[in-house]
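For reference, the structure is listed below as structure tokens.
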Amino acid sequence: MLIVMSQDATAAQIDAVKARVAQLGFQARPMPGEQRVAIGIVGNDGPVDAAHFEGMPGVLQAIHVASPYKLVSREWHREDTIVHLPNGVTIGGPEICVMAGPCAVESRDQLLETAESVARAGAVVLRGGAFKPRSNPYSFQGLGEPALELLAEARDHFGLALITEAIDEPSLDLVEQYTDIIQLGARSMQNFPLLKRAGRARKPVLLKRGLAATIREWLLAAEYILAEGNSQVILCERGIRSYDDATRNMLDVIAIPLVKQLSHLPVIADPSHGTGRRHLVGAASRAAIAADADGLLIEVHRQPDQAMSDGAQSLFPGQFVELMSEVRSVAAAIGRTVQAPAVVAR
Amino acid sequence: MLIVMSQDATAAQIDAVKARVAQLGFQARPMPGEQRVAIGIVGNDGPVDAAHFEGMPGVLQAIHVASPYKLVSREWHREDTIVHLPNGVTIGGPEICVMAGPCAVESRDQLLETAESVARAGAVVLRGGAFKPRSNPYSFQGLGEPALELLAEARDHFGLALITEAIDEPSLDLVEQYTDIIQLGARSMQNFPLLKRAGRARKPVLLKRGLAATIREWLLAAEYILAEGNSQVILCERGIRSYDDATRNMLDVIAIPLVKQLSHLPVIADPSHGTGRRHLVGAASRAAIAADADGLLIEVHRQPDQAMSDGAQSLFPGQFVELMSEVRSVAAAIGRTVQAPAVVAR
Amino acid sequence: MLIVMSQDATAAQIDAVKARVAQLGFQARPMPGEQRVAIGIVGNDGPVDAAHFEGMPGVLQAIHVASPYKLVSREWHREDTIVHLPNGVTIGGPEICVMAGPCAVESRDQLLETAESVARAGAVVLRGGAFKPRSNPYSFQGLGEPALELLAEARDHFGLALITEAIDEPSLDLVEQYTDIIQLGARSMQNFPLLKRAGRARKPVLLKRGLAATIREWLLAAEYILAEGNSQVILCERGIRSYDDATRNMLDVIAIPLVKQLSHLPVIADPSHGTGRRHLVGAASRAAIAADADGLLIEVHRQPDQAMSDGAQSLFPGQFVELMSEVRSVAAAIGRTVQAPAVVAR
Amino acid sequence: MLIVMSQDATAAQIDAVKARVAQLGFQARPMPGEQRVAIGIVGNDGPVDAAHFEGMPGVLQAIHVASPYKLVSREWHREDTIVHLPNGVTIGGPEICVMAGPCAVESRDQLLETAESVARAGAVVLRGGAFKPRSNPYSFQGLGEPALELLAEARDHFGLALITEAIDEPSLDLVEQYTDIIQLGARSMQNFPLLKRAGRARKPVLLKRGLAATIREWLLAAEYILAEGNSQVILCERGIRSYDDATRNMLDVIAIPLVKQLSHLPVIADPSHGTGRRHLVGAASRAAIAADADGLLIEVHRQPDQAMSDGAQSLFPGQFVELMSEVRSVAAAIGRTVQAPAVVAR
């Protein structure tokens, strides 16, 4: 940490900062300049809280030099983390992993039909919501545990793995029993008690980026999970809030290579939420793969115009077949492959 | 809702939309224009989900005409809601309510000393955190239930009311026993299970605006609480995320009068988090009161430069005395008064 | 400036940075830490361009310690700048200055009638657009020089001063002849050739904040004007772009006290553009004054619902009378007064 | 346009709106709902200004149904616009066009050496700044006309086309003589007089998206140019302002396919400004091409760590060779090719 003093800070104010540094157990390294003094802090193994200094008289600002996260940082863990799923699928290795399915489970028929179509097209993980966080209290909120049973049935039937969302501790307890990946949504990214609970789960966790989360906050949220002992974490860029309502969210495609440089965790993209419009999902998927995403999370519905949620961004099954073909081409262009579909029964 | 068709939508596509409207139980009112057709939906008592139409062929966009919240809306409930606290304090009436105290409870001495100073200066509600949501897993997270006991002791000793934050259902269960107002923080604004639980609590709820929440989302979050039966809700503007890091957050002062026009609920401001810098808290407090805020939530610490969190934005006790004086002047200028301090014992 | 090296930077990379510092004529002060090395730069009188270092191998980031502006900074010029106008009005002193008038000059009648009403209500500066920057090429763009003549006539008739906008060098040449204050709009804040031209004008300049400008960029834009020799600059907060379309712009009220701490220049607010809605202009004006604004810029139209631009945010004359009364009360509450109206003839 | 009335609007207020619609020459189509009345406007060939209605009593909001731009809209002009350059290069057709060169012209040697390297690697258009808009008045602002002469020399020598930026009318007069494409930068996107001047130029114009411009504002800015008669316009996404400073700007990759759906104009990407960091330019370029960009604008410098501006985002010549190879692969994956380099002499 670097403490920058005001141009007119007094010697006594500078001494007070130095004393505070010493009191916290670190060493102060003053750096006098032409215009002002700055004081470096050394001897700290982890980050120092800026709050200790920002309120002191004569202090202009306190600047973090080291990154505040450690377990998720590539500086301390060079090798890519690879997440392994029961059906043999991996996330974070050389192969790209495509997850697909409906926004929400609505009925057994709807789910099985959609699951079959995405499995046949090449998806290796089935997505589908049983617990839905909705902005509007009067919107459809998911079918709960019966949906989990249907998801497990569809997963087993088509040789897929399963990802589904938990929205609080009771739903996480349930989801953990049925799923292969526990999804934490954008609105839960800074639900710290839930992050800690996910850190004690024995299943991989997919952590979506918050609606207006910085990269730093996102990685700190992942750090919560790793700090509790669960290192099987997948990050998912799903679009952030922007000033323009031309799309539902703004997919921050460049966050993907940036986070992969900062962290060893796998990073995937959700082009469905990231754009909110079906006719942009294909281009967004290609862009994410070209930017080194380790996978995709795609909403597909057998009849999007009858969907109980997110109809506007769900693909028709035929569109998903086309998307898979495009994704395979782009993956090949950057020297990667898309994981082979599981054997489809039924 | 208004469905706007593409300029080249076919008659069959227009008919499909009309059929979908009818299938949902509403009436379609086509409105042919020079360039394109729009279709109004009438007969709906509440909002219609845009997702039903946005994915249909030929549809350009679906536009909400009615507001999606009803219980919190002033259109349906003209009179101001007034929240009543056990020590006689009210929030939302003609008098302004000032809440103050430390960011977090750190020790009995720190709390009692700060509580006495804010009570003497005119605060009528004591704030202090027992459960702290922190971006960084390694930061101080609060003392938990022992802090609640200290808060209750300080509250009783100085004739104050008490506000403290809950971050999940277990902490809400505890907080509800001790506090007079349950605070839900910015990061919990869209924690929908927690909102529902707060809606079943028998204590008033203060709902902070999320870090990047729209006014609409904020009011929908309050609607969650009212929909469960708790109508004693206070809204708190606490600054939103902006592109400029010159301040910690950007206090959206104008949101205060806007929300008071849209809703009957009381609205207060948190200038401490809203600015993140002690030397801006005074101006921000005056501005919020001038803009019709029903109260303020202020961080005060007996020794801000020793605080375990938020030191840079906490006022010294002497600064809080000055702030109260300024707030009283501005309140008088707009025809309001600041609630008289409770009798201070000890 | 502080150069932060990567944790794994080599000794050769550190030496290269030190050599580059020396090559630029400064001194390098290495600061070895537990995890990484940082290198302070001293000996620089002004700011150093980060670009010199950010591209070098082993460099993590380059952090500015000194502020990049100097002429506008209060660190180097403690006393408030006061702008003087020909009719005796001052901006930046203890008295608050209210500027008002129509968005655009539409006709002689409309202008004179509005000017009279705002002068009678207490405005001391007349606003009115002759050259209008419009997002839409098909919108009304102003009457040009004939409007300037009408503005000068109205100004003289009612003893006001005049402010009107220039949008390029030819219009600035004209505006400079007629006006008392040259306004540069939000979309011109980073029109650097125009800033330089304004810096050579012999009239005060009002510089609006850009639509998404940081405080730092805004002060640097003002620095352009001062660097050319014109120190009579007034800053105007007019609302910034946010992610919420509940208001046209988000008035950043707290920017006012912040900029007044950073700079000696006067700062006023434009609550009309800052909110875009008539029913919020009153609260926004009170808030801005309570937050230490040195003045207000208000749109008033004799018939807002017939206005050729900005009708939704223009006040009716009667509303402006009420606003002036409220502003005087709030000004008194913080120990300031509103400048007395000029004598109104006609 | 649709005028939405308040729930409690009176019959007189509704009649006033209908009368105003008629007064403007259009027809009013009232649409009574359960909760409120909405009034459609038909008979308008182009957009109606919302300001006519937003200020009227009883009006809740005025909603645009038609898009406000027409010349740039794909609804009215289905075929892709293709821009033709003197050296045979096209932009907007099936082939992708790569433009590259230094941020600024610094010297003859620097320019020729960089131009040769980018031409050999496959660029077909040379970029280089003679007039530089800089936030800081003390930063290097470009060499002016001598730089244009050097650019023309390098262009001719290597069989390239030339793009360079104009920042005001005098520089545009000069630039137009030397260049093949006139670049208007992000800070000029709403410099309306300059847009009009560019609309009268006889050279193609590349229009960068403003720092916080919506898609709608960007297309309206292009409409300014087309409305003056110049239909050879190229749009360039160059990153927008976000709340996260992890990158210099946030490249809005998805804006590329979105704008190509809304408009017939070619769209290219500037990954150098869009990310601000050299180590992200490769991934950003691949993503943009995968998302259907018609070209790229890349900063390359023979010695980035000696550059007078934008060193941190400029590629080394060797990195540009690698980038071209990756871009060709991704282009092939989506069925496009990269334009063949011009014959390199010297």
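The letters A, B, C and D name the chains in turn, as written, and every chain counts its residues from 1.
What we mean here is this: a contact is a pair of C-beta atoms (placed from the backbone, for glycine too) under 8 Å apart; a residue touches a chain by one contact, two chains touch by 3 or more.
Every value quoted in this text rests on a predicted model; they were computed, and no experiment measured them.
Novice: Where among B-D, C-D or A-D does the A-B interface show up again, with more than half of the contact pairs the same?
Specialist: C-D
Novice: Could you quickly compare A-C and B-C and let me know which has more C-beta contacts?
Specialist: Contact tally favours B-C.
Novice: Averaging only over C-alpha atoms, locate the centres of chain A and chain C and give their separation in whole Å.
Specialist: 39
Novice: Quick one: report the Å distance separating chain B from chain C, using the average Cα coordinate of each chain.
Specialist: 31
Novice: Could you list the positions in chain D whose residues touch two or more of the other chains?
Specialist: Touching at least two other chains: 212, 241-243, 245.
Novice: If we count contacts the way the header does, which residues on chain D are in touch with chain C in the complex?
Specialist: 20, 46-47, 49-56, 68, 133-139, 141, 167-171, 187-188, 190-194, 211-212, 217, 220-221, 223-224, 227, 241, 278, 304-305, 307-314
Novice: Flag every residue of chain C that touches chain B in the complex, lowest number first.
Specialist: 212, 214-216, 240, 242-247, 250-258, 261, 274-275, 279-280, 283-284, 286-292, 326, 329-330, 332-334
Novice: Within their complex, state which residues of chain A touch chain C.
Specialist: Where chain A meets chain C, its residues are 2, 4, 6-8, 29, 31-36, 38, 40, 42-45, 63, 65-66, 75, 212, 241-243, 245.
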